[in-house]
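Encoded as C-alpha cells, here's the structure I'll be asking about.
Going in written order, the chains are labelled A, B, C and D, and every chain counts its residues from 1.
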Amino acid sequence: MKRHPRVTASEAAHRYALRVYYEDTDAGGVVYHANYLRFAERARTEAMRGAGASHAAMTQETGLIFVVCRAEVDYLAPAHVDDSLIVLTRPHSVRAAQVVIEQSIVRADAPDRALAELRIDLACIRAADGRPARIPPRWRDALAGTSGE
Amino acid sequence: MKRHPRVTASEAAHRYALRVYYEDTDAGGVVYHANYLRFAERARTEAMRGAGASHAAMTQETGLIFVVCRAEVDYLAPAHVDDSLIVLTRPHSVRAAQVVIEQSIVRADAPDRALAELRIDLACIRAADGRPARIPPRWRDALAGTSGE
Amino acid sequence: MKRHPRVTASEAAHRYALRVYYEDTDAGGVVYHANYLRFAERARTEAMRGAGASHAAMTQETGLIFVVCRAEVDYLAPAHVDDSLIVLTRPHSVRAAQVVIEQSIVRADAPDRALAELRIDLACIRAADGRPARIPPRWRDALAGTSGE
Amino acid sequence: MKRHPRVTASEAAHRYALRVYYEDTDAGGVVYHANYLRFAERARTEAMRGAGASHAAMTQETGLIFVVCRAEVDYLAPAHVDDSLIVLTRPHSVRAAQVVIEQSIVRADAPDRALAELRIDLACIRAADGRPARIPPRWRDALAGTSGE
C-alpha cells in the first residue's frame, strides 16, 4: 500500500500543515475517513487565500461560490491522533466554470508516503440560486497560476 | 458515577432513539464529548416536531430561530460504537423569549442510568439580524405543554 | 444535473432513512459535502445488521473490521436542513478480502432523483495490526446475498 | 450580550489561533454550537504541548488520559466562516485527579469581546479501564505552572 504522493511538495504545490486531534479520529483509533475531505477543504481554502484570491472574497464580491461536485479519495495508510500532517494541493485543470484539484495528504515526518490521495471537482455556482457561473478572471488566473499546466 | 437520569422516561418527557456510529466516536473508543450536543439537538428538533410545532416551520413562517445561548453537560459514563441510545427531553421553563430544556441520555438497555445530563438554554432570535424575539404563541404553547410546569 | 439513482429502491437494495439536522449543514445552507460519507456509513452499518451480519459482531467475534480504502462521490443536487432522506445501499461486488458498495441518496419525497451517488471500496483488515484478511463466510454470504450478482 | 473575556490574553493564558472553515458552520450561517467544544479541545491540547507536557506523551508513557467530565459553555456572539479566532486557555484549578480549565474564544481582530466562554472539568483516568487516577507529577506541575493560582 506504500505509494509516493501524486502531488509532491514541488514548487507548484501549496502546503497546508495541520495537527490531528481526538475530534478527527474514530473508535478504530485512526482518522475517520470522511474527515480527510475536511482537511482537504481547509487546504484548498488556504491555497486560494495564499494565491491572493480567497474564496470568501469571491463570495462577498461576486456572489459566487465553489461547490464540490465530485470527490475521489484513495485511503492508503491511516493517520493517528497527534500526527502532524501536510496537505499538498495543486490545481489539475481550470476550465470556465469548473476546476479539478489534486491533493495528497502526508505525514510531516514522512512526506514521501501518501496517506491519502484526493481528486476534487469544484463547480462555480451562484450562491443565490445554485446556477453554474463562469469563474471570475481574478480567481481563474490565481488558480491557473498555481496549476501545472 | 452512577446516577439516575434527572429527566426520566415519564409521560412528560420526549424520547428520541439513536444509534452510535463510528463517526460519533473518537480514538479513546467512546463517543466524542462534543457529539452529545449533536444528539441532544436532534432530540430537541424531533420533540418540537412531535409537539406539532417544528423548528423548521417556525423559521419558514416567522423568520425566527432558536439558538443555543448556554449549555451545561455532565458526562457520567461513556457510550460506545453500536450502542442504542435514548435522549429524554423535557422543557424545564418557558419564558417570553427563552426556553430552558433538560435532557438525559441513556442506553436503551439500561434506561435507569444516565450517561449524560444536559441543560440547554435556547434564545429565540430573528434569523435575519440575530435580535431577540418573543417565541410565537403556537411554539410557546407546544413547548409549555410538554414541560413539567 | 437531474439523474436517476443508479441504485434504485428495488428489492435488492437496502433502504436507510435519516433526517437532516443543523449539525449536517454548512453556511452555504446545504448539507456539507463530507457528511454524505457519514450518511452512507450509517446506511452500510444498518444494511449489514439487517442482513443478520453486523459489523460490530464481526469485530467482536473475529477481530476484523471493514475500512474504507476508496470513495467516489458524485454530488448532483443539494440537501437542506429538515429534509427526509433515504440512502439506498447495494453491494456491487464481493471478493475474498474486499467489497465494493454502491449507494444512492435521495429525498424521501422525490426518490427518483439522486442527490448523490457513491461507490465505496471496503477492505477487510485485522483491527489489531491493519493487515488484510479474508471476509469471514457469514459476513461474506450476507453481503453477497444482498448484491445484484 | 457584549462581554469582556473572562480569560484575557494575559501572560498566564495560552493563545491558540484557528480559522473558521465551512465544515465548522451550519445553515444558520454561523459556527455550529457543538464545534466550540472542538476548538476548545484543540487549544487545550496545544496548551499542554506548549507547557512541555503533551497529552499524547502522557497516554504513551503512563496509560492515562484526560476526559471531559463536565462542560459549561456560554455563547455570547456568533462566529462566521473565514473568521480568524483565538482560544485563550488557563487552568482554573488543579487537583489530584481533576483539572478545571477556563477558556475564552475571541476574534483575532476584536480580542476584547468574548464570543464564547467555557469552563471544562477534566478527569484523569486509566485508558484501559476508565478508573480515576492521580495526574502524574510532570503533567500536574505543567498544568499548575500555567494556572493563575
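Note that in this section a residue touches a chain if its C-beta (ideal position, glycine included) is under 8 Å from a C-beta of that chain, and two chains touch if they have at least 3 such contacts.
This structure is a prediction, so every number in the text was calculated from the model and none was measured.
Visitor: If you tally the C-beta contacts for B-D and for C-D, which one comes out higher?
Guide: B-D
Visitor: Look at interface A-B and say which pair in A-C, C-D or A-D is its repeat, using the rule that over half of the contact pairs are identical by residue number.
Guide: C-D
Visitor: How many angstrom lie between the CA centroids of chain B and chain D, rounded to a whole number?
Guide: Taking the average C-alpha coordinate of chain B and of chain D, the gap between them is 24 Å.
Visitor: How many angstrom between the C-alpha centroids of chain C and chain B?
Guide: Centre-to-centre distance between chain B and chain C: 28 Å.
Visitor: How far is the middle of chain C from the middle of chain D, if each middle is the mean of its Cα atoms, in Å?
Guide: Roughly 35 Å, centre to centre.
Visitor: Which positions in chain A are in touch with at least two other chains?
Guide: Within chain A, residues 22-23, 28, 34, 38, 41, 81 contact more than one other chain.
Visitor: How about chain C: which of its residues touch chain D in the complex?
Guide: 22-23, 25-30, 32, 34, 80-81
Visitor: Within the complex, which stretch of chain B touches chain C?
Guide: Those residues of chain B that touch chain C are 19, 21-23, 38, 41-42, 45-46, 54-56, 81-82.
Visitor: Provide the residue numbers of chain C that touch chain A in the complex, in ascending order.
Guide: By the definition above, chain C touches chain A via 28, 33-35, 37-38, 41, 65, 67-75, 78, 127, 130.
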